[in-house]
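Here is the structure we will look at, set down as structure tokens.
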Amino acid sequence: MPTSRLEAFSDGVLAIIITIMVLELKIPHGPTAHDLLAAAPGLLTYLLSFVYIGIYWNNHHHLFQLVSTVNGAVLWANLHLLFWLSLLPFTTAWMDDERLAPLPTAVYGVDLLLCAIAWYVLQQVIFRAEGAGSRLRRVVGTDLKGKLSPLLYVLGIAAAAWQTWISIVLYTVVALAWLVPDRRFERAIAAAADSSDGDGSDR
Amino acid sequence: MPTSRLEAFSDGVLAIIITIMVLELKIPHGPTAHDLLAAAPGLLTYLLSFVYIGIYWNNHHHLFQLVSTVNGAVLWANLHLLFWLSLLPFTTAWMDDERLAPLPTAVYGVDLLLCAIAWYVLQQVIFRAEGAGSRLRRVVGTDLKGKLSPLLYVLGIAAAAWQTWISIVLYTVVALAWLVPDRRFERAIAAAADSSDGDGSDR
Amino acid sequence: MPTSRLEAFSDGVLAIIITIMVLELKIPHGPTAHDLLAAAPGLLTYLLSFVYIGIYWNNHHHLFQLVSTVNGAVLWANLHLLFWLSLLPFTTAWMDDERLAPLPTAVYGVDLLLCAIAWYVLQQVIFRAEGAGSRLRRVVGTDLKGKLSPLLYVLGIAAAAWQTWISIVLYTVVALAWLVPDRRFERAIAAAADSSDGDGSDR
Amino acid sequence: MPTSRLEAFSDGVLAIIITIMVLELKIPHGPTAHDLLAAAPGLLTYLLSFVYIGIYWNNHHHLFQLVSTVNGAVLWANLHLLFWLSLLPFTTAWMDDERLAPLPTAVYGVDLLLCAIAWYVLQQVIFRAEGAGSRLRRVVGTDLKGKLSPLLYVLGIAAAAWQTWISIVLYTVVALAWLVPDRRFERAIAAAADSSDGDGSDR
């Protein structure tokens, strides 16, 4: 099966997740600067979650540039990822409603951790579907950033019991690390376009 | 007419249904583990409905891989299916609000049953549009799973009058049965790709 | 400009309109059959609006099968149509909240009328963009159904001052008239596919 | 990387933004003309925001007709634009809830200003990605309208401290200026289609 509908469906779900979070934003209760300031933490957590969904969409986009066909296992591994991402509006809203209380802040981190694990599983399922000579496996390589992120999430979840602002800093650090452009995929896509034998070159 | 816009529209509707259910999730009323636990049944019914929409999207994806053109009747049979699926956020929310009371749990099952019937009707309308030599009809075959599911839904609906957890178990059993990979379509798609005369091979 | 992005955007907007109406549905206030019955009128007006959006999507799909390129005026005429359609969840919810009171029922009809007018304008803008030899103009022809529908809407709006159930019957009659398959477009698409000179035949 | 998924994702996000604003519309509290009139300002601000999203979609559509490949920087510049656009339902709802109070009306203008800046940044990032001979840069040219709009937004923001209806008039004037068809892109697309060497001609 080609990847087009998986990409279209994922684009749809991610577009909706990134947008409906704005529906959970509390409209300020009055017209003053004080009211707007009271709503500011909600805007900042919205920004953080927006960036996370943006990162996943960006990485998803890059990943499937190098995948040419999918099977049923890949479809479900992708839905599994979308499930944990779809809970982000919920965990963001709870964390925001409780003004960064320990448990909601930890649960937000658990959701990010489960997204990262689901992403890892998705990659592994694609590797297996592609077989031993998987080009994607070579491109992904050791994936240091992918292995360090869960560690930082775990630290952030643990820190929530003590000081929740440390958790938020750690979650933000991971987001910033992923904002730094990752050249692995773009180099691989360019290489595939240069060589005429790549099956990804005709995309 | 080609199937591309029907697929794109269905992808859009299914992506929205699967995602807006999270808007119906009750944010826990406080920051404690007790508050989170009180919200847990809502999360579990969300998971069940998410899996159901995932299954329908997955099957829809597989089905239309083997359909090359559609007519007005297929468009309406597809909209009929989307109508019953679009009520899942509503029936899920009611069942969850009433903490698995008998009637809401039965109505949830009725919605699942109507989705299954709409799926069956969609298949039949496609068979008729494709005519006597329908390749899809051969691929779908006796469709044992498709015929047993409504039976289990009916059992679940009946059980709701007695013990609603039995209904939930039955609805979950059907979902699990559909999660088991179904090789009929993938084999047929692979076969079509191998042979050079199949009209599905150029997708 | 090709029509692909206009179609994709319209599919997205229509998919969202048809799905978010379910968010406006009132969840029954209790677990009894009486509570469900109290929510039934909402379900019926949801069904009516669902069918209307389905009809517009269906007609939009057929229309743009025969359009090969668009200009800025067509984009805005299309957005104009989407605007009035996007108000249907709002007018449906108001009519339902006020249990078919005269004014909300009339306003619902006014919205349907404005959608019909926007549809007519969209067709005219496409005709003009295509020039004198517009194939679409020939296919649309006298468009009796398109001309009678506004009349029935106006009757329905007027009837709302007297008996709102007559309005609902009239709105339903128009919907049923559009559900009857319309062969003009399918014949034209088939004809274009048969002849090798049509520019719509390669879609 | 091709632009197709960036366009599809942006279409999805814009389609959702333009549609969910209707969810923030207050349903009139009663069935009378008086109740409908009380809801009218909400409808007018909805219309203004709908037109703004329509303008951005329209311009986005035109812009990417002339862009053939994107890199990571373009993806993030695009997400940056979508972020500020995604806040429009929030700023619209606040302005409407507070019946055009000074601060909310100014904040609405700030959001429009940030959208305009994000649009400018997106264009610059594309120019840089395309290099010195960027065809798009020549098409965009001096972009008088793009440079005057921020000025009018700033005037509107300042005017909100004094008379908010002046702000609304200024925001509306900018919207109307963008509704006037802009022939730069359509001429360039037509020119690219005429010449056989253009890389945009094969779209």
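Letters A, B, C and D mark the chains in the order given here, with residues in each chain numbered from 1 onward.
Following the convention adopted for this analysis, a residue touches a chain if its C-beta (ideal position, glycine included) is under 8 Å from a C-beta of that chain, and two chains touch if they have at least 3 such contacts.
Note that the structure is a prediction, hence the values are computed from the model and not measured.
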| item | value |
| --- | --- |
| Furthest chain, CA centroid comparison against chain C | A |
| Chain copies touching (chain B, chain C) - same or different residues, decided at half shared | different |
| Gap in Å, rounded to a whole number, between the CA centres of chain D and chain C | 26 |
| Centroid distance [mean C-alpha coordinates] between chain D and chain B, Å | 37 |
| Residues of chain B engaged with two or more neighbouring chains | 8, 12, 15-16, 20, 23 |
| In the complex, chain C residues that touch chain D | 1-2, 5-6, 8-9, 12-13, 15-17, 20, 23-24, 71-73, 75-76, 79, 82-83, 86-87, 89-90, 93-94, 97-98, 101-104, 107 |
| Partner chain D, residues of chain A touching it in the complex | 7-8, 11-12, 14-16, 18-20, 22-23, 25, 27-28, 30-33, 36, 47, 50, 54, 57-58, 61-62, 65, 179, 181-182, 186, 189, 203 |
